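In structure tokens below, several structures.
Next come two complexes built around chain A: one with chain B, the other with chain C.
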Partner chain A sequence: MKIGKKTGRGIASILLGIFSLIYVSPLFIILFNSFKSQTNISNEPFKLPSAATWVGAANYRAGINDYGLLSGVGWTLLITIGSVAAILLLCSMFAWFITRVNAIYSKILYVLCVFSMVVPFQMVMYTLSQTADALRLNTPWGIIIVYLGFGAGLAVFMFSGFVKGIPLEIEEAAMIDGCTPVRTFFKVVLPIMQPTYITVGILQTMWIWNDFLLPYLVLDRNKYNTISMLIQYMRGSFGVVHMGAIMASLVLAVIPVVILYLSAQKYIIEGVAAGAVKG
Partner chain B sequence: MEKALKRSFPVFVLPTLLAFIIGFIVPFILGLWLSFNEFITVQDATFVGFKNYVRTFSDDRFLYSLGFTALFTVASLILINVVAFALAVLLTKKLKGTNIFRTIFFMPNLIGGIVLGYIWQLIINGVLMRFNLVLTLNAVYGFWGLIILVCWQQIGYMMIIYIAGLQTIPGDLNEAAAIDGANGRQKLFRITIPMMMPSITICTFLTVTNGFKLFDQNLALTNGEPARNTEMLALNIYRTFYGRVGFEGVGQAKAVLFFILVVFLGLMQLRVTRSKEVQH
Partner chain C sequence: MASITINHISKIYPGNISVIEDCNLEITDKEFIVLVGPSGCGKSTILRMIAGLEDISSGELYIGDRLVNDVPPKDRNIAMVFQSYALYPHKTVYKNMAFSLEIAKTPKEEIDVRVREAAKVLDIEHLLNRKPKALSGGQRQRVALGRAMVRNPAVFLLDEPLSNLDAKLRASMRTELIKLHKQLGTTFVYVTHDQTEAMTMGDRIVVLNAGLVQQVDTPQKLYDCPNNVFVAGFIGSPQMNFIDATLKKDGGGYVLGINGDSLRIPADKVMDALAQYDGRSVKLGIRPENINDDADYVAAHSDSAISAVVEVSELMGSEVYLYLRYGDNMLTARVAPTTKSKIGDNIKVSLDMNKLHLFDIESGDVILN
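Coming up: the complex of A and B.
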């Protein structure tokens, strides 16, 4: 009986192992295809590169030289880092204020933030791109403001939830000792909120790095492209489709995410699961 | 404390508030208003009442997209949750390699929709090629292609929520049942699943809203092909805006209806969750 159970568990482990190998295989398929010559990618996607089909970094070079892949990665990084930094700093300050100040406008702002989380992007897609255009926010710096505005809902909701759990006494003591509100926030509140910064930071990073439609509609496409926009452009544009460059771009879009994931896995799984409340 | 804090309103509230007005409040109100207008640019809007809404419901493609999306949502709801639940049960049995499996299953969830679409386009077309077929030949291939894609993307995520739920079930419940002579199946249906109802509710609504909101993956994998037959709701709205001049108002009316649908789903979730809380 005992042996039977043990072998059963062994078999379950092996089956799960096979299943997880199949599960990661798509990532390896795009990785090795990115080193194959173009025609061999779409004709034989499951074949590993051979001496005849191996092209080294040629696909990456094509992506960089012909499609501006490197600047695409650069803009995406700038937009992601800039927006996440702005959201973390400004939304946490906002959330602390509206949680601590007991006024009607605080409650209204909180309800509006929660409400904005439920609204699907298509509802504001057209008007948001028009508003951003009219205010000349169609640059990677301008789009940071758009992300701050559209991402504020979730961030404020999560920060407020945390602030409600912090005892008021610590802050009051700091203020009585002569701290200004700004100093109190940075010296007392900000350090306590560290776990929430990590959670919100992860959720927003994943969203903005991967986002397609918002930057596609807001940014001036002749000048600035994010990596998702470039991939869509390469595949969707008319004329010759450079499969090699697409594979290289897919790999470059995925690698930062995988590295971030493997280095901060615990926080990411916890953070993303906490974001499930967003619904 | 509050007085001092109130005076620093400009520092704490103003930056986010301004961005929130630009990024959400103005577009939302403008969007509501424009759904009752005919327009090509925001400046030349003329009020037409409910005309855009009437035109929405006489648009066959829209109704088709709605049906396709609903069918897709039901299929993905069942598949994602059954597999995720099964994996969660297996991964809480302290098997060898549990941590590695969990890491792997969750990973695709972090990849963007456009990237996911092109990864699976390559793979699915690679398989179909053996039979001289392509993904965009038949809407059935596109449908199941999208299902495979969202399963790959979301199973790991739902699995994590189910694992968290399973870990809150007290061990003595199952022990007591075992002493009373319950077998594995009885324990699953009489203890595990009833105790897991909060997690099941969350995952159900998450998969349903994800299904209705699906856009990037749809655009990248099939782009609605063949002949707009795999065009889902969000893509249909997008194309009404940007694909047909003179239909911007109809696009906005569709977007408002889409918003109402999503809010309705959210309120339903809230009600179901609340009613569960009362029972406990």
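Coming up: the complex of A and C.
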């Protein structure tokens, strides 16, 4: 019986190991290709770099110097930080309000928010880009508002789930202790919601950082480019496909997200589970 | 320090659901008053209205001389201890206790003095740096009390603060709370569904049922002279026995006819009010300790003796509960552990007619105590 169990576990581990390798392999392929010359990337994409094909940091220099990768990183950083901060702060306040205020309109607002999660982006992308243009939201600052709208569904859903699990007495105790509603939120509710903040923050960061379609449709491409947009241009918009710079840019784009995910995956799992159970 | 005046207060929730109806109550300064009643009777709602956590639908609420109907909780000079303790999970015990003072912008030195003073009284000085999750139920309860104490409130509101503790800890915390009340000399309003807590702790007890105040009195008076069948049945454990009987005039006095027995009401208990019940059914109430199976007692009180069958006998250590079948009625008798009565015995017991209560069978109001 014991041997059977052990064998089962062994087989499961091997299978999961193989799957993990399959999932991780694109990252490694990008990483080692980023140190290979242009021709070798195209001709032998799965071959490890050798002394003959090794070009060092040339591809990274090309990405930075020729394609303005650093400015892309800057804009992506600004949009991501701004959007995630807005989503976290406003959606948590909103979720707290609609969960605690027992009125029909708060239930309607909750349903609307949750409903927004099931509407495919492709359905609204044309009207959205037109509206964003008309409202002059085609800047990195303006797109933060668009991201707030798109991120609100999941964020409100997760925050609401968590707030429902916070005993109301804690907030009442804060009221008796002298807190106004705003102070109750910032001094009591917000610190208690910390795990959900981390979870929502990471999920939203990964999505916004990696997003291509929304900035591509909304942003004024002559002035502002995110990393994803730049990579697309490297892919062919300038007449030449610079595979080396693409690989280097992809590595630079992926590194922050991978670090963020690895350092906080515990919170993601915890937060998603909490929302699911309590929601 | 403050008195509380509740003047014709009602609470009606949306959908015309009435929870409290025309409640009137005077709580004097430094009094320990206990609101007691079954679940859903409205006791916590009254407490929450005093705290300002529930709106008052109609009526007036005064704390001291100040009308506080529309005063927010933070400005009522009250402190509340919740059933779940409601400690801030992200703050240490010290920070939990200091929070209200920090909000009030009290100087740091004074906060420190007051927190440490309260911690000393409650014997939680060694816990000040811990977070609530690292505390036991009893310790959390003390922290919740400490958080209330540091504010030096005029009124302490306690909403079933002992119900999450085990029986032993609850008994010791009861004593602690009584001591604390004496030490602080503040008005305490305490909500519980446990009549033992109410009897042991309150200067006065407010018995509530279905949103209505049934009786407000001292524990002893509630026990001895209940206003109605509900109070008589709610206060006391095991609860009072009730038997339907017929009141009849007999010579100069009255007798109660039950199952063919005639029990004479003592002459000194006879009153004019009994005349209107002559020949009518009434509800007789007798407490378990007023039913005696001792042979000598039964012989001496043969005019109130009845025969009953012992169905269950429970030894409680210092006493025995006999569950007796008397005609269609079940009676509980609290007798000495030396009793010879056994399950299945047909025994004679005598009722102490001086401790008899009579109630109107329709209204439930008391006729005779």
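The criterion applied here is as follows: the second predicted complex is superposed on the first by the 242 of 279 C-alpha atoms of A that agree within 3 Å, B and C clash if a C-alpha of one lies under 4 Å from a C-alpha of the other, contacts with A are read in each partner's own complex, and residues count from 1 in each chain.
Assume a residue touches a chain if its C-beta (ideal position, glycine included) is under 8 Å from a C-beta of that chain, and two chains touch if they have at least 3 such contacts.
From a predicted model like this one, the values you see are computed outputs, not experimental measurements.
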Worksheet item: Should the pairing of chain B and chain C on chain A count as a clash or a fit in the superposition?
Response: fit
Worksheet item: After lining up the shared chain so the two structures overlap, which partner does A:A12 touch, if you call chain B first and chain C second: first, second, both or neither?
Response: first
Item to complete: Check the residue A:L109 against both partner chains and state whether it touches chain B (first), chain C (second), both, or neither.
Response: first
Item to complete: Considering only touches as defined above, state whether A:E172 meets chain B (first), chain C (second), both or neither.
Response: both
Fill in: Touched partner set for A:Y147, first chain B, second chain C, both or neither
first
Worksheet item: Centred on chain A, what angle do chain B and chain C make, from Cα centres, as a multiple of 10°?
Response: 90
Fill in: Touched partner set for A:R183, first chain B, second chain C, both or neither
second
Fill in: Dominant toucher of chain A (residue count), chain B or chain C
B
Discussion item. Under the stated touch criterion, which partner chain does A:P191 make contact with: chain B (first), chain C (second), both, or neither?
Written reply: second
Item to complete: Have a look at where A:N33 lands relative to chain B and chain C in the superposition and call it first, second, both or neither.
Response: first
Item to complete: Please work out whether A:I255 is in contact with chain B alone, chain C alone, both, or neither, and reply first, second, both or neither.
Response: neither
Practice prompt. If you've got the overlay open, could you tell me the nearest Cα approach between chain B and chain C in whole angstrom?
Written response: 6
Worksheet item: Once the complexes are superposed, what residues of chain A are shared between the chain B interface and the chain C interface?
Response: 172, 175
Worksheet item: Once bound in the complex, which stretches of chain B touch chain A?
Response: 1-2, 4-9, 11-13, 15-17, 19-28, 30-31, 34, 41-42, 87, 90-91, 93, 95-97, 100-115, 118-120, 122-123, 125-126, 129, 152, 157, 160-161, 164, 202, 205-206, 209, 213, 215-216, 219-220, 223, 234, 237-238, 241, 248, 251-252, 255-256, 258-259, 262-263, 266, 269
Discussion item. Looking at the complex, which residues from chain A come into contact with chain B?
Written reply: 9-10, 12-13, 16-17, 20, 23-24, 26-27, 29-30, 33, 41-46, 90-91, 93-94, 96-98, 100-103, 109, 112-113, 116, 118-128, 130-132, 135, 137, 145-150, 152-153, 156, 168, 171-172, 175, 180-182, 185, 206, 209-213, 228, 231-232, 235-236, 246-247, 250, 253-254, 257-258, 261-262, 265, 268-269, 272-273, 276, 279
Item to complete: Spell out the residues on chain C that touch chain A in their complex, using ranges where they run on.
Response: 51-53, 72-74, 78-80, 82-84, 86-90, 99-100, 103-104, 147, 151
Practice prompt. Within their complex, state which residues of chain A touch chain C.
Written response: 167, 169-170, 172-179, 183, 187-188, 191-192, 194
